[in-house]
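Reviewing the structure listed below.
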Amino acid sequence: MVRFENVGMRYGMGPEVLHDVTFAIEPGEFRYLVGPSGAGKTSLLRLMYLAHRPSRGLISMFGTDVMMARRHELVGLRRGIGVVFQDYRLLAHLSALDNVALPLRVAGAKEEEVQDHVSELLAWVGLADHIHALPDSLSGGQKQRVAIARAVITRPRLLLADEPTGNLDEMLGQRLLRLFEELNRIGTTVVIATHNQNLVARNPHPIMALDSGELQLGAAMEEAG
Amino acid sequence: MVRFENVGMRYGMGPEVLHDVTFAIEPGEFRYLVGPSGAGKTSLLRLMYLAHRPSRGLISMFGTDVMMARRHELVGLRRGIGVVFQDYRLLAHLSALDNVALPLRVAGAKEEEVQDHVSELLAWVGLADHIHALPDSLSGGQKQRVAIARAVITRPRLLLADEPTGNLDEMLGQRLLRLFEELNRIGTTVVIATHNQNLVARNPHPIMALDSGELQLGAAMEEAG
Amino acid sequence: MARRSAAVVPLGRDAPSRFLPWIFALMVYLAVLALTGVLILHAAVERWQRGEVDTLTVQIMPLENESEEARMAKLRSLLGDVEGVSGFRTVAQSETIYLIERWLGAGNVPSDLPLPRLVDVDIAPGYGLDAETLALRLQASLAGVTVDDAKLWLDRLADFGRSLELLAVAVVILIGLATVATVVFTTRMGISIHRNVIELLHLIGARDGYVAVQFQRQAMILGLRGGVLGIIFAVATLYGLRHVAGRLETPLAPDIPVAHWAWGLLAAVPVVTAVIAMVTARLTALRELAKMP
Amino acid sequence: MARRSAAVVPLGRDAPSRFLPWIFALMVYLAVLALTGVLILHAAVERWQRGEVDTLTVQIMPLENESEEARMAKLRSLLGDVEGVSGFRTVAQSETIYLIERWLGAGNVPSDLPLPRLVDVDIAPGYGLDAETLALRLQASLAGVTVDDAKLWLDRLADFGRSLELLAVAVVILIGLATVATVVFTTRMGISIHRNVIELLHLIGARDGYVAVQFQRQAMILGLRGGVLGIIFAVATLYGLRHVAGRLETPLAPDIPVAHWAWGLLAAVPVVTAVIAMVTARLTALRELAKMP
């Protein structure tokens, strides 16, 4: 599903923020990505959601080598990946509904299905009353839920969530984790970057630990439930 | 210090998001503000940091009735308040140093002091290597720490922090909470809106609980340490 | 629940880019004014070159055996019948002498010089009446009639007009380029505000073409809107100027109604703006996308 | 560690508002071109009205007792001495007859009519040599000399030029207004991109005046930068046009060097742009602030 071999990454001409990262994630897995602030979690996810190219090493997603893939192939890969960005990246001029509908529309889904499907999901994450609200008129946690809804609306093959519960209370966090686990059960591979130790403790899954841009594989596998 | 009496609040022509909020915070207190996502925590803080006017009721800050205060008096009040915004609100074109220095410069501090003072604080929050970095090249947790540093750099009389540890790991969260407690010890009144139950449990302080825009005073005071 | 919007791109919907059509409108306005100016100048020069003016001078040569007065009366009645003649004025003999003195020197006009009688004829525009035509009409009924079309100074005027026209064309080209540049700059500015939108669309799996189409469609609408606004203001201004020009009563300024194709050219301006905005938007969006892996 | 920046405001520092000076430059460029056009036209009309042209026609009346050839020789030597005369050409007698035929009709010029000899004199600009002065100079040494300044058609030309000038002034005013409007619009657009900056400064306790000053200072710099760029391009273009105009060899086009105060006026344009950008920035920032409690 996802395979990294000796991957290094840098931003522009800066120093390497990921060094020699090697791991593989099999279809259907559910993993946490943990590590202190600045360890490189978001950077690693950026590589996975194809927002950035590695400076060295090999990355293969869904069996395709991303360095060799042509541009239109990357489009196909991206459509199979749902992302909850750490900073949400909602489009300020679109309502919650339109934001969540975006991946469907971009992929050319039929408009009739889009509306119902999206409304239902928004209701499920507790935003039934805010379907037509613009992001600026939503609370922090509400925005985060819109971002989560947008990531899962297409039932992606791979779900990458970056600190998806940072602005949610315990109960909502659990509810959304159950959503992720539900998706995982029906086939979505899930990787969640998080600091939330409670969440990890209550919902044990294998852990990948990053520190200073290096994967602490040994520690991770030990801790894994 | 802060006194709310029967305060109601709405955004534009929308429904009331806070109803009949009444409470008082004495100088030197340290309080948590908790409540589910969308309860109105950020809205309550907005009233306190004078970003919004109540639709009814009385708010007095540092003994000044904010509805009666003239514009230049509000400037004085704002300079006494440090705010960690839930969405950080860092200026994208300014380095971490310049962002943190902003409240000092706006208040007309001497440039020599500014530089050293700010560098020291940034080093303390673990950003010694990122002093000249622009916000876009910082990780989520690094941005949050810059936002926190900016809020405390002036040693405000009142510190309002909105979910200040949402993107920080346990250890950093604790470290920053100690910073807040330190400030509190030397006189700063602190109000922290948070979902982080671990944090509250490990560092007990009185709690104000909001639900659906109403202050659950009874429950709050019971839970208070 | 109706579908609220197909536009996933905020160009023109948010505060900053709501200014775009106004800037487009201003530039189109200027371009249209400049273009009209050149068209008018061009029409004027053409008329001057063809010798089409609004006054001609008819000369009646003194003939032996014929009464001058009778011939003048005949001329007047003839002129009254010619289509395109809107009025005429008999020039006093003293004025004729003054005109000839320019060539012979003051006091040098011999008193026995056979002087012609001069009649200034006002020509209504639109009938295509020129010196030659008028001369032919008059000579059919009256001998010894010539028509002077002030060819000499009209030629010099046309020369001058042509130089002026060349410069004016240069200026129109510059304004045109400035308009293009402004539309390009502001469209790029508008899009660079929305770089985050492009990036998000890209990351959720939008094809480059899809993203570009969203932006180019919005930009085209803005360009068209700005262009039409500009044209409306420009036409209003032109009517205003025409009114002013009409009151100046200069005998040389041509009327503003220009050839039909010229109006077509003017109407094409907003279309051109829209196309430029569209192409710029497309290229800008594609360039942003090319930076992303 | 040096203080990196005093500017807490990103106007002109981030991608979107880096376009601002270019848009300003374009508008200033157009405004300066238009203004120069009017100044040139104005100068031309003034010259025409004063009868200052670059060709005069000298007439030598036939006098009894004196050889025409000797007088012509005298005239030629006299003209060679007059400052401001850059050359001259004797007009053939046949041409003179043609000129007079315009008034008397073809074939009507009596062969015994005492025809003057005509000499076309080229006048160099800058010496203020006009018909009257030249006549006085020549008449002192030579009897029977007159100088024709083509007053008649120059007057008509000046009339036309004046009308044209009025229209051109109207157009310059419109371009000026468009420039002002563009600067206002784009400055407001630039600031509305940075609404978040204004809000943050406000919330951390900046006075309204402080915030406004930050924006107005940046806007002034952008305006000045754009204005100077525009002026530079405009002057370059004017030199280019002057070169083109010089090659046209039209006898009526005046030289481009205009009065010194006119250059001052042109130089004032970027200052005006800067002031407008500054004031707009201030007012926009203050209006945004006024919306905040």
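Every chain is named by a letter (A, B, C and D) in the order it is written, and numbering of its residues begins at 1.
In the analysis below, a residue touches a chain if its C-beta (ideal position, glycine included) is under 8 Å from a C-beta of that chain, and two chains touch if they have at least 3 such contacts.
Worth saying up front: this structure is predicted, and the values here are computed from it rather than measured.
Chemist: Any chains in contact with both subunit B and subunit C?
Modeler: A, D
Chemist: Which chain's mean C-alpha position is the greatest distance from subunit C's?
Modeler: B
Chemist: Taking each chain's centre as the mean position of its Cα atoms, how many Å separate subunit C from subunit D?
Modeler: The separation of the two C-alpha centroids amounts to 21 Å.
Chemist: If you average the Cα atoms of subunit B and of subunit D to get two centres, how far apart are those centres in Å?
Modeler: 62
Chemist: Please tell me the distance, in whole Å, between the geometric centres of subunit A and subunit D computed from their C-alpha atoms.
Modeler: Taking the mean C-alpha position of each chain, the two centres sit 65 Å apart.
Chemist: Among the residues of subunit C, which ones contact at least 2 other chains?
Modeler: Subunit C, residues with two or more chain partners: not present.
Chemist: Provide the list of subunit B residues touching at least two other chains, using ranges where the numbers run on.
Modeler: As it turns out, subunit B has no residue touching two or more other chains.
Chemist: Quick one: label the inter-chain contact graph as line, ring, star, complete or other.
Modeler: ring
Chemist: Would you please name all pairs of chains that touch?
Modeler: A-B, A-C, B-D, C-D
Chemist: Write out the stretch or stretches of subunit B touching subunit A in their complex.
Modeler: 11, 14, 34-38, 41-42, 86-87, 126, 137, 139-142, 144-145, 162-163, 166-173, 195, 197-198
Chemist: Quick one: which bits of subunit C touch subunit A in the complex? Just the residue numbers, please.
Modeler: My answer: residues 1, 3-5, 8, 10, 13-14, 196-197, 199-208, 210, 292-293.
Chemist: How about subunit D: which of its residues touch subunit C in the complex?
Modeler: It comes out as residues 15-17, 19-20, 22-23, 26-27, 29-30, 33, 37, 59, 61, 96, 99-100, 102-106, 108, 110, 113-116, 144, 146, 148, 152-153, 156-157, 159-160, 162-164, 166-167, 170-171, 174-175, 178, 181-182, 185-186, 188-189, 192-193, 195, 237, 241, 244-245, 248, 250-253.
Chemist: So in the complex, the part of subunit B that touches subunit D is made up of which residues?
Modeler: Per the stated touch rule, the residues are 49-53, 71-72, 74-76, 78-79, 81, 83, 89, 91-95, 97-98, 102-103, 105-107, 111, 115, 119, 132, 150.
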